[in-house]
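In what follows, chain A forms one complex with chain B and a second complex with chain C.
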Partner chain A sequence: MALELVVITKIVPDGSEVFIDPVNLTLNRSLATNVINPADENALELALQVKARYGGRITVLSMTPPFAIPYLEECVGRGADRAILLSDKAVAGSDTYPTSLAIAAAIKHIGKVDIVFAGEKTSDSSTGHVGPGVAEFLDAELASYVSSVEYDDGYVIATREFEEGTEVVRIPTPAVVTVLTNSNNPRKASLRRKIDAIRQGVIVWDLKEVGLPPDAVGLRNSPTIVKRMIPFPRRDRKGEKITTDNIAKLVDVFEQNKLIKGGE
Partner chain B sequence: MAELVKATPPEDVSQWKDVMVYCETFQNKLTKAAQEMIGRGRVMADKTKTKLIGVVIGSDISDTAKEAGYYGCDRVIAFQSSAFDMYKSRPFTDNLTAAVKEAKPNILIVPGTHNGRDLAARTAIRVQSGLTADCMEIDVEEDTGILIARRPDYGDSTMSEIRCEKHRPQMATSRPGTFEVPPRDDKRKFKVDLREVKVKKGQIKEEILSFKPRSGEDISIAKVVVAGGLGMGKPEGLKLLEELANELGGVVGVSRPIADLGWISRSHQVGQTGITVRPNLYIAAGISGKPQHMVGMANSKLIVSINTDPDAEMNKNADYVIVDDLYNVIPALIEEIRKRKGAENVEVAPKKKKKA
Partner chain C sequence: MSEFDVIVVGAGPAGSSAAIKLASEKMNVLLVDRADPPGSKNISGGVLWGNDLEKIVPNWNKMAPVERYITSKGVGFLTKDSSIDVNIKSRKFLQGVTGYSVLRVKFDQFLAKRAESAGAMLVSGVTVENLAFKDGKVIGVVQEGDTITADTVILAEGANPRVAIDSGARRPIADQDVAIGIKEVVKLPEATINERFGLTSKEGFAGEYALGFLEDGVEAGGFLYTNRESISLGVVINMGHLRADDKTYSFDIMDQFTDHPSIASLIENGKLSEYSAHLVVEGGYNSFPKQYGNGYMIVGDAAGLSFSNGLMIQGMNYAIASGILAAETAIEAKKSSDFSEKSLSRYKEKLMESFVAKDAYNFKGIEEVTWGKLAHKIMPSLMEDVLVNMFLTDGTPKKHLTELIRKAMKENNVKSSDLLMEGYKMIRRM
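What follows is the complex of A and B.
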């Protein structure tokens, strides 16, 4: 039986082009171009590798406004079979609870799914909550912070990284896997496939389609609110000049800060 | 398992009083991240005149539960089963959720480690509450008991203050290294509530097939990071940095191009797509200081920039700047440090250190 694989991806502003509006202290994202969230590129690549080895169908799913369409076409160009955009004005301002809820509802609407691939985190909100949240709503098993996976007859065997080391965990499907940034080298779309992807188009769903009432999501149904934004507390650094000839001065500073332990 | 429903807040939030902290363990020992969070939880419990409840989950934890008390918990709920020898996402979520439903804490804080974030994210959905990740500051309003969670925002150039006023518990995680480890006091009074959890055969679906301890250092918790960038020009530069790092009891970090070149593994890359470090000393040698690098190290206590270009961006964000070739500077630095250590040895050696 062919594996049903879903990759959830968010299209995020390119980090290098965002700056703070000095007047009202909000993020000015208007000048930023967008990118596929970096970790999600690795998630897609991992899904493509799983498909290559074990067969199956890959659906890329994103809950983003319609500007995401070209990025989803890029995903299909890389080898995904189809892309679904969950787009509804009601989701605006959703925090990770309603985001996970809406994505899980869309995945349920796809039908029986074996493995959901998410990124470990997004670069714009970087919570890493949505993958685990989706697992909860789907009542699926979860392997987070994963660098590679294998599939074996109804089980996902995932290599997870955490502070103390690396483990290999085996979980039954349906499973959600959150994939580490930089854990593989995402392929690029070939021009041919990209053209096909644009021809194929992106499926657009709204909340009604996935069976969620509008009052389940959005800013008003998010447990957390952003109260305000404040500039990052940077320490003023004095940039004192030191030359190689008087490097001893720097070592004095190290000593004062107890950075040099007495030899022992 | 969570139903596909929206998050509904409790009717009477005043019933949710105490502060709860998930006391993460590894091989039945409290992690440092857990100790830090206990310290933070203690401060908030004191401010609101409530209790600090620790939750410990593991396979052999009667002593660990006491440790949680020594570091500051008033009450420790400990869930013990041979199946909990390693972190397992679903059963740990089940137990933490049970503790939340029983104790009704106003606040729940969890170490922002990989496993902690996995657990916190799932628990937040189960208990239908709000969770703020990666907080640099966690505090509580004394009169209202409202949690104030501040986290670096996009690209770490701003901080957002996030609140969860209606739902309970108000949840937050922080990266390891954010807070100080509190003093351990084995005279502290606390209550331990140790529970043997009966796990039915086949109930736990996750099976850990193997575990390999981390080889090499974890740069995210290092006290000193000696980092090199393209200015090194050749892989041998890393050897030099390593020598300096060894003298300072630190580790080697790199900018992304160095990891891209494959001179060293990704686990050493600092920055937006790498690791965030917050050491006492960050030495940037031959690193220009592009924002994607800066966000990963800007909060280091002391920053030293070694760069041939006097106008390098890194210099503007450094406490000390040496405009010179790193191949001149670093050997001189190593030599001077060795000289001092040698001198200290002479001084220190005859004294006998008293150890408690």
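What follows is the complex of A and C.
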């Protein structure tokens, strides 16, 4: 029996190029190039490994404006079978609650799904809500912070990693797993697959298609209110080289910067 | 039947220009770049001289992300303590076309996107591995074991053309073909740049520097130009020298340049935002490789069509022009369904008729001069001695100019015959 696999992904600004606008206290992403959210690259790679081992079909799903299309083509170029873009003006301003709701609606619209792969969190707002939120709305089991997955006759055996150690859980499908950043080595797209992906194109759905009324999502249905943002002052590094033969100096520098407490 | 009419390898200025031309003539073209987005690994700044883009992107200078229009040009001769600068600012620069400073990451993306909107298929983030051959003819490219076929392949890989060389499509790079370019981008407020260079916000400065003062007689030239809110500057170092002496480090040379008092004052309080090193093609006419064969053409830096000589680097304009000529050739080849070496030799003829080869021919051997002692060492030291002594007041009576020159020549160990010889070479080459 072929597995129905879904990878959800968000296209995020390249982290190194985002800064907080000191005037509006919003994120200024205008100078940033975009990337596939890093953890989602690991989620896709894990899904590709599961597909290679057990067979199945991978759908990549993203709720974003159409600028994301080349990134979804990249996912298909890496080996996913197809990509769906859920794009609708009504979702603008959605926080994680309606986002999870809409994504779950799109997954239901795909049909019977066995495993949903999400990244553990995004690199731009990092709430980590959406994976668990989707599980909730799908009424599916959840395994978070996962590094590897096996499938066994209607069950997902997922290895979860923590600072203290690892935990292996066995949960029934449909299941959502949120995948750890850097937990594997994402493959690259090949030229052949990428050409095919571009020719194949991306499927575009709107809210109506997935059966969600516009007033279920958007800013008005988002319980989160951003009261303020506090930019950290940028600190320029001084970059002084102190070698081990000058321990006294090193200690001085540490003390001056209150990194250690001075003795007598 | 091939899958594409043309596959273009590399979306730098050469490859994207070829693809724009091809796609706008309804050719079925694939443009591949290893970087994603295309251009994001290309060295991040440059002055685009000339106006070739106009042929394929009308009004490009109003649409493309350009930084400043060059209205002020400088040549500087730096000695250890002094700099002797010639600055040209001319209203005439506003009538013709000089050049625009551009930041490559943005500019290359603009061009690649233009190719895409003209109808080319753009694939980024994929490295082409090899050419595919059948019966001695190039029939496409190879990537991860797959062959993607095309009637013609245009190689636009830049200064280190691995595919062209590894597949035997061009001869390997020799030391004298290339130099090492180091470039920094230093951020400064727009107003500070305007003030330091005497510019308005849209006007730009581009300068080249002879660096005769470098330690151990290293041969290198410097460049500096203004972007809107940053300054790009760097050095081009003769490869032969770096090879011969393993105590010479390219970053040391860069430091000597940026620490020179007359350069340091221009970038003072700026914030270093990018640092990169890249091969610069400097071969010139005498070292053009063969640029076409059965089923393929080579354009831009990959074809040795750049021009750099220790005093200036030009390459983007030649890249664009050669890309367009190769595209024209591919279109003609398709009309006659003949993609043989003979058919594609039209590209070489077109190059020879164009300013690309003519420039290279006219300045044939100029590297002898621009890398030579006269430009970098003798003249600057002489000028320094003469001019500084002319203006220094040390209580002794002023000396006559010829006397100053004679004294300076003696102190700098310059023989009149050398000066004549070098001067003759310079005039002949220029």
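Following the convention adopted for this analysis, the second predicted complex is superposed on the first by the 228 of 264 C-alpha atoms of A that agree within 3 Å, B and C clash if a C-alpha of one lies under 4 Å from a C-alpha of the other, contacts with A are read in each partner's own complex, and residues count from 1 in each chain.
Keep this in mind: a contact is a pair of C-beta atoms (placed from the backbone, for glycine too) under 8 Å apart; a residue touches a chain by one contact, two chains touch by 3 or more.
As the structure is a computational prediction, the values presented were derived from the model and not from experiment.
Could you look at A:Arg228 and tell me whether it touches chain B, chain C, both or neither (first, second, both, neither)?
first
With both complexes superposed on chain A, which partner does A:Glu74 reach: first (chain B), second (chain C), both or neither?
second
If you stack the two complexes on chain A, which partner ends up touching A:Gly55: first (chain B), second (chain C), both, or neither?
neither
Who touches more of chain A, chain B or chain C?
When the residues of chain A touched by each partner are counted, B comes out ahead.
Just chain B (first), just chain C (second), both, or neither: which does A:Thr33 touch?
second
Report for A:Ile195: first if it touches chain B alone, second if chain C alone, otherwise both or neither.
second
What residues of chain A sit close enough to touch chain C in their complex?
Residues of chain A touching chain C: 33, 70, 74, 77, 188-192, 194-195, 198.
Would you mind writing out the residues of chain B in touch with chain A in their complex?
For chain B paired with chain A, touching residues are 1-2, 4-7, 9, 26, 31, 33, 86-87, 89-90, 93, 113-115, 117-118, 121-122, 124-126, 128-134, 150, 152-167, 176, 205-214, 218, 220-221, 223-224, 247-249, 266, 269, 272-274, 280-281, 291-292, 298, 301-304, 315-324, 328-329, 332-333, 336-337, 340-342, 344-345, 348.
Which of the residues in chain C end up touching chain A in this complex?
These residues of chain C touch chain A: 30, 32, 36-37, 40, 121, 123-126, 128, 141, 143-144, 146, 148.
Quick check on the complex: what are the chain A residues that touch chain B?
13, 15-16, 18-20, 25, 27, 38, 95-98, 100-101, 104-105, 108, 123-129, 131-133, 135-137, 139, 141-145, 157, 160-172, 181-182, 212, 215-217, 221-234, 237-244, 247-248, 250-251, 253-255, 257, 259-264
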